[in-house]
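Below are the structure tokens for one structure; questions will follow.
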Amino acid sequence: MTATLIIFFVLAALAVGGALSLIFQKHPIHSALSLIVVMVALAGLYLLMGAEFVAAVQIIVYGGAIMVLFVFVIMLLNAGIEEHTNFSKLAGFPGLLLAFALTGFIAATIARATDTVQAASQPGNIASTRDLSNMIFRDFVYPFELTSFLILVAVLGAIVLAQRETRP
Amino acid sequence: MPILEHLWIIPLLPLLGATVNGLLGRTWPNKIINSVAIGATGLSFLAALEAVREFFLLSSEQIPWVKQYFSWIEAGNFRAGFDLQVDQLTLVMLLVVTGVGWLIHIYSTGYMAHEGGYYRFFAYLNLFMFFMLILVLAANYVLLFVGWEGVGLASYLLIGFYFLRKSAADAGKKAFIVNRIGDFGFMLGMFLLFRTFGTLDFVKLFDKATPLSAEALGHLGTLTVACLLLFMGAAGKSAQIPLYVWLPDAMEGPTPVSALIHAATMVTAGVYVVARSHVLFMHAPTAMLVVAVVGCATALFAATIGLVQTDIKKVLAYSTVSQLGYMFLACGVGAFSAGVFHLMTHAFFKALLFLAAGSVIHAMGGEQDMLRMGGLSKKIKWTYVTMLTGTLAIAGIPPLAGFFSKDSILLNAYLSENSGPNVGHILYAAGLFTALLTSFYMFRLIFLIFFGKERYDEHHVHVHESPKSMLIPLAILAVLSIVGGWLAAPAFWGKSDYFAKFLEPVFAAPGGSEAGTAEAVAHALETPLAIIAVLTALAGLLAAYWLYVKQPSKSDSLAKSFRGVYQTLLHKYYVDEFYSAVVVRPLLWLSTNVFWKTVDVSIIDGAVNGIAEGITVVGDGTRRAQSGNTRSYAVWVVVGAIVIVAVIFWPHVRPVLGVAR
Amino acid sequence: MSSLFQGGHLLSILIFFPAVGSLALLLLRSDDHVFIRRIALIVSVAEFLFSLLLLRGAALTSGDYRLGEYGRWITTPPIHYHLGVDGISLFLVILTTFLTPISVLASWSSISHRVKEFFVMLLMLEVGVIGVFLSLDLFLFFLFWEVMLIPMAMLIGIWGHERRIYAAVKFVLYTMAGSILMLVGIIWLYNATGTFDLPTIQQMIQTGTLVLEPRAEMLLFLAFFVAFAVKVPLFPLHTWLPDAHVEAPTAGSVMLAGVLLKMGTYGMIRFCLPLFPDAARRAAPWVAALAIIGIIYGALVALVQPNLKKLVAYSSVSHLGFVVLGIFAFRNISMQGAVFQMLAHGISTGALFLLVGMLYDRRHTFEISEYGGLATPMPKLAAFFLVAALASMGLPMLNGFVGEFLVLLGTYQSHWQWASWAALGVIFSACYLLWSYQRVFFGEVANDKNKTLPDASVRERFILVTMSIVMLWMGIGSTYFTRRTAAASQTVIDQVEPQRPYEARVAAGVAAVVKALVGNTNNLRDAVEIPAAEGAKR
Amino acid sequence: MIPTNYYVVLSAILFGLGVLAFIFKRNIISIFMSIELMLNAVNLAFVAFSQAMHKVDGQVFVLFVIVVAAAEAAVGLAIIILTARNRQSLNVERVDLLKL
Amino acid sequence: MFPRTDDLLRALPELLWCGFGMFAMLLQPFVRSRHFFTVLALVGAVAGTGAAFVAGATPGEGFYGLIESDVFSFFFRLLIGMVAVLVVLAADSYLHRENLPFAEFYALLLFATAGMGVLASARELLTAFIGLELSSISSYILAGFRRDSMKSSEASLKYFLLGSFATAFFLYGIALVYGATGTTNLSRMDDADPGSSLLKLGLSLILIGIGFKVAAAPFQIWTPDVYEGAPTPVTALFSAGPKAAAFALLLRIFASVPAATHFWFWAFWVLAALTMFAGNLGALLQTNVKRLLAYSSIAHAGYILVAFAAVTFMANDLKGGAAPAYAAVLFYLLSYALVKIGAFTIVSEIGGWGEKNLTLDDYAGLAQRQPVAAALLSLYLLSLLGLPVTAGFFGKFYIFKAAVNSHLIWLAVLMAINSIIGAYYYLRVIVVMYMREGSAEAMAAAPVRFPVAVNVVLAITGIGTVYFGLFPNQVLNLILQPNLIAR
């Protein structure tokens, strides 16, 4: 059992634990925090796989920007403990059961099926950030440009929906 | 030969009369209507006479004389033409129909003078003449069927002439429907004949049928079946058991109608058809036997009912049924000419009787119940005399017409070898007994009406003799019913019977039984049988005299002592009640409650609406799934995910009927 | 094909002229009802006159299609604008064009609201029906078949009586349920043959180029047959008819009974038999059974209807049973009988519905019990009603007889049991018609409302006289029709039951008849006697 | 050396937990978070695969996904604010005006 | 490294749409006139649509194989562009009536259109995903555009939550496919091993994502709510645009990934059956016309899926069986888009301020009040019902043909049954309009005057519906050519 493996399992446990706590936390703010835990753990895993850039972005954009946004909104709406209603019959036991079934199935299939990808991964000769930039700005320039519009739309949406006063 | 070339003139004239009167007569005065109607029939009577004259100029191979005018129905190898045919049989019918018909038209002008819907009456009457003439002139079964149905229609209209009276309307309907039942058989008969011979033209068909060998007795061959089916039609039209029920009710119509349609002409159409199809019948002894038996039974049966009826027209009606039975008996025993002969004489005297009865009713101001008459003999002498003549004729008192015709029927019945001699003897006996009954109830009628004391109150009823227009036809008919039979008279002094001779080319063609065999044996039996017949008739007369003139009280006491029998006869053996209980009501009940209410509404429509309902319910269920709750929706998505994954990964959950190659 | 190009564009004109007329009606912004009615009348009469030209163009010498029009329409799949007329469709078209002006007249005064729409719908209906009768391309046929639904539904639903909406929806759904499967069938057939062209497919089947395996053929047959059976309507599928008829306005009923029902039987003749002969032969006993049930059942149910219009409706079920029986007896005689019966029923039942409608206009009820003794206040109407009733119960010399007689006669030749059962209908028809007639017209006037009813107006008399004359003519001059339907129906028979010597002889006879007709008519009789050559000549 | 399918299976588990959370949570914001969780799982898978196959594009996808997630976050939170403003509740189950 | 001009030309429509969208946004602070933005948006939409011809004129793949400019994408760009144009026209009066911001609306509309265009032309999954998101996110916003309306915001929320939920599946699917094939470029997947269960799983999850977009049961669940809540012109957009785009992506995947068809046939069989029934049965009892149309659009998604089953069944031999099946889908989408937009436009106009008059009762007696509107709506409904002389009939006919062609007789029969069920509720609307009398005040009220723009929309859709119903040849010739999709 090598060190990396131990680290992996620790991080994995952290991620899963965070996810679980996201589920079981009553207060959204706690959920948010547990989500951040997950993200950090994932960042760790990225590092473990040698994808530094992604890991960085994960921390900065996700853990930083997005989650902050979440927390901010939670505060803004000062959301309290979520009330525990059960209007949906379906979303009760059967729903959870089905979800478990799906998860189990997907996980099982993947576990059996990842033979197509190489069994082990070796760090080191992982793509450098240069290659990344090449990729983004040459091969994927089109979607990249599109994402700019996407963000534009997001901004627009935020303005349209969240602004308070309706124009004359 | 103007007329024979243009036979269509004969039926067309009455049709014209009918059309003119029917469409325009509404506003016309009676005179014009009379002249149109009588003119039309009279002319066609003259035309018929002319036809007879020309007919005698024809050479024998030109007979039967067939004219094809235009083809009426054509399909595949089937053709029904508007073809008219004349042979001896036709001529007889032609003369009877036009002649008697004409007389009755004349009579009606007097009788109906004060009725509403005068033009309607004559239009119908002419229409009837038209169809009747089509019937007798037709050269194929289909055209004959036209006349057949047509006269049915005319009788429907005329019976229902007083359509305000429910009874009249009912009677008309009944007549038509019962006839339809007969027609059902008649049509099937035609179909079978066409299937067998590939044609329905008389000449061709009979030519093909003649060489065939007769079918053994009791064996249901094609011909037998066909004959029986035809006879079913005949029985309907000619009011034989079991379809006779409509005729008595038909008396709801005006009396001249009863005389013309329900005594003289239409009801004899059945006999005519059987006589016309004799070739087929000769090949089907079984059918013959059935005809004979049914005819005989009807004769007897109707006579018994006639004994106790008190309505003057009802009595005559049952006697008509009974006499028709005679005619069928004759045909059944192969004595077609005798049958037709009786048909003719019967036409004379029965028309006479009806018209006389009409005159009586006219005199009594519409009274029909004999129990409310009596002692009229002096008040309406002419009517009395003529009616008496008719009675004597029908009772079979020589030398009146009825005697000869009935006599030859009985003779032939006695001689008939058809199915063993004793059958013939039984038929003879029954016929004889019927003769007895006949003379009894006929004289009962005479005595009740004309003898004894008046059983009506003078103040209301002013008995008066009918006008000339009514009496002259009576007189003529009286004469006819005296001399009408003499055609057959020579048979008695060894010579042959002219009437039979005249018809021989028609009937003797397929070597009919009567010509050869009868002649010889006949002379031996002729006289004794005749004497017996006369005696029976007299017996009936005396019985009636004793019961209704000597001591009238006796009749009632008799009725009382035989209450059961009397009631049964009075209610005509409860046949109508029986029919309505067994056929009519069940049918209506079935149609209403089973077919309509259950099958149609409940089952079929129920199923249709049920499906709709079901789908709606399911639809409501589907809507409920749309709970509006996002979490449930998420679960639905998951469900979908699982469905897809399952279908893709596990082949055995795939729908079975997926692909139908 | 070249023969198809003769005769100009008469058929297209026939189909689209009413459409143009209704368009004109739609566009002209006039609320003058009389004006609108006049226009509608003129259009429909003109259409009728056009249709008479068919008689000149249509040939008798052979059973194939005449006056054809053939144009490319849709390239993939190859769908053509293919029209044609033969002896069978000929008279059905004329019947349609004849009944339309009659319906226009019939609704002259009884339709008072949304007049324009009414006549537009009526004319559109005519378009659909004529299209159905004339199209020789399966796709085109189906198109018209469906198009016709909406105007009819509108006629019922807008101008009908109390439960009109229920009736209208029921009518549409019933019919669609049948026809949608036919669409699947048509496509299936296309996959098998690669064409929608009816004559082509017929040829393929006749020449054996196309052989369907029995199960598929039976399924196809059913897909078509059910669609048609609903329209006819055949026994278990008939329950839409009474509702539709009772709720429909007079004109609607006339068109429905007069023409629409015929589309079903026409479809059977045109498609079920020639396209799936074996299946048809296998199915014949069952179909016949249903038809016979329909005949008797319809009559019996009619017998006890308290509602006059329902009574007539059920009588249609009974009469159409004869038609179906005649078709599936596969005899030339019965086939011609069936065709004739279609026309006869169209006229006589149409007349009955007109009369019932006239009674309704006066008393606003169909309940027989409401009437009684009407012969006194309205003798003329009574007389006409009697004529129509007699015609419908098949009295000789009126149109009803010939059809029924031929059907039964022909059927008897091959299946005497069928004919014998069916003939019972003849008895029952007399029962229900006479009984209802008596209850409506005979007796004293019971209901005071009926005492003062006006007799037939001039307009009504005109309608009724026309109808009566036609009835009489069809009853006496039936050969005028049968001679023109002979060849066509023979063709159909040949396609169902090829190589039958007996029928062959009939064919010879027909040919002879035709020769006689084309030549001088004097030797006609000899010609006719060829098939039944036996029998003494004189 | 960690076999790739460890990572992928982990991502599957996280994804499943995300689904679970989506169904389980009532608070709209938390639900939205669970979506983010799912997206993270996706990212993990991408990275794992790309790294296993020595391909860069996987990581590029991750970047795109993150951008998209950000955009979604902006819009989503705006929508949430709007909803919260319209009806004083963040409970998704109370948002059921539209049904049937 | 600036992209080559060809690439730009091949992406021109989307770029134009986005560009005009951005333009609208920029001008929003300065221009007050509402008509200006309408015109601008119209110009943009038309320009993009016109650009489709340019793109079509330069066939081939662009941006290193990320997008493909072929007949297929040409058709879909035209279709989507047409939808955009019609919606722009239809929206004008609505926005005015509801007093909503023009610039933003049109900008979002154009962005959404661009997203759809990308979706239709993408040959690479990530690009498709971006396109999907572009259109989806704009749609989320558009759905909630009537901020003050509870329904609108709720629609927005539901659409957003479930939408991103499904997107996650889609994305995870992409990830797995990437894992299985090592690429996300469809053109490089043709040799993908059909046996790989990872690929199976990935494609299944992708199918879930797309199934959600096209509202295939049981993913249809969101549709009625969102359609009802969203502003009616937006609903018109939803029912026509994104659906078409998503279907386009599906077809694209079929054409490129032989493996996919093998997995998907049965899935489509089931989805089709479920969807048809879900839609028709759900609509059966609706009294809200807008919602009824929403359900009906589910049903029609089901019909289209039948054609998909046929496509998958025929594998992808474009010569033989599949070509008509593809054509069936394309033609149906066209006819359906026309009809749905027309219908929703009328609904939005009849609905009036605040979308008050949406129930059947409000339509009672419409035939007398506004004969033309009633007639047109009936025409659309009949087309949806699949009665002849309408494009809907021919579309349905073609789908039947495809199904029967692939021996999917039973699916065809199910479809037949469904069209009967469908007939019932379509007829109900017609019945209400023509055969019921409206309420007194409704009949008394002055008829709604339709603005010119709306009349234009109605004219285009109406004429189009009849024209394509009678003379579908041009379209068919376009979409029936063997090189429809680049492979």
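When the chains are written out, they are named A, B, C, D and E in that same order, and each has its own residue count from 1.
Following the convention adopted for this analysis, a contact is a pair of C-beta atoms (placed from the backbone, for glycine too) under 8 Å apart; a residue touches a chain by one contact, two chains touch by 3 or more.
It should be emphasised that the depicted structure is a prediction, and the values quoted were computed from it without experimental measurement.
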Practice task
Name, by label, each chain that touches both members of the pair subunit B and subunit D.
Solution key: A, E
Completion exercise
Under the touch definition above, the chains in contact with both subunit A and subunit D are B, E
Problem - Taking each chain's C-alpha mean as its centre, the one farthest from subunit C - result: A
Exercise for the section: May I ask which two chains are joined by the most contacting C-beta pairs? Expected result: A-D
Exercise for the section: If we define chain centres by averaging CA atoms, which chain lands farthest from subunit B? Would you check? Expected result: A
Problem - Chain whose averaged C-alpha position falls nearest the assembly-wide average - result: C
Completion exercise
Distance in whole angstrom between the CA centres of subunit A and subunit E is 31
Exercise for the section: State, to the nearest whole Å, the distance from the C-alpha centre of subunit C to the C-alpha centre of subunit D. Expected result: 67
Exercise for the section: Please work out the Cα centroid separation of subunit B and subunit C, and write it as a whole number of Å. Expected result: 36
Handout entry: Separation of subunit A from subunit B, taking each centre as the mean of its C-alpha atoms, in whole Å
Key = 102
Handout entry: Numbers and ranges of subunit D residues touching at least 2 other chains
Key = 8, 15, 18-19, 22-23, 26, 31-32, 48-50, 52-53, 55, 57, 60, 64, 68, 71-72, 75, 79-80, 82, 92-93, 95-99
Practice task
Pull out every residue in subunit A that's touching 2 or more other chains.
Solution key: 87-88, 91, 95, 99, 102, 106, 109-110, 114, 117, 139-140, 143, 147, 150, 153-154, 157, 160-161
Exercise for the section: Give every touching pair of chains, nothing left out. Expected result: A-B, A-D, A-E, B-C, B-D, B-E, C-E, D-E
Problem - subunit E-facing residues of subunit A, complex - result: 106, 109-110, 112-114, 116-117, 137-143, 146-147, 149-150, 152-154, 156-157, 159-161, 166-168
Completion exercise
In the complex, the residues of subunit E that touch subunit C are 324, 368, 382, 387-389, 393, 397, 400-401, 404-405, 409, 412-413, 416, 419-420, 423-424, 427-428, 431, 434-436, 471-473, 476-477, 480
Problem - subunit D residues within the subunit E interface of the complex - result: 8, 11, 15, 18, 22, 28, 31-32, 35, 38-39, 41-42, 45-46, 48-50, 52-53, 55, 57-58, 60-61, 64-65, 68, 71-72, 75-76, 79-80, 82-83, 86-87, 92, 95-99
Problem - Touch list for subunit B against partner subunit D, complex - result: 623-624, 626-631, 634-635, 638
Problem - Complex contacts: residues of subunit E adjacent to subunit A - result: 1, 3, 7, 11, 14, 18, 21-22, 25, 62-64, 66-67, 99, 101, 104, 107-108, 111, 114, 118, 126-127, 130-131, 133-134, 137-138, 140-141, 144-145, 147-148, 156, 176, 179-180, 193, 196-198, 200-201
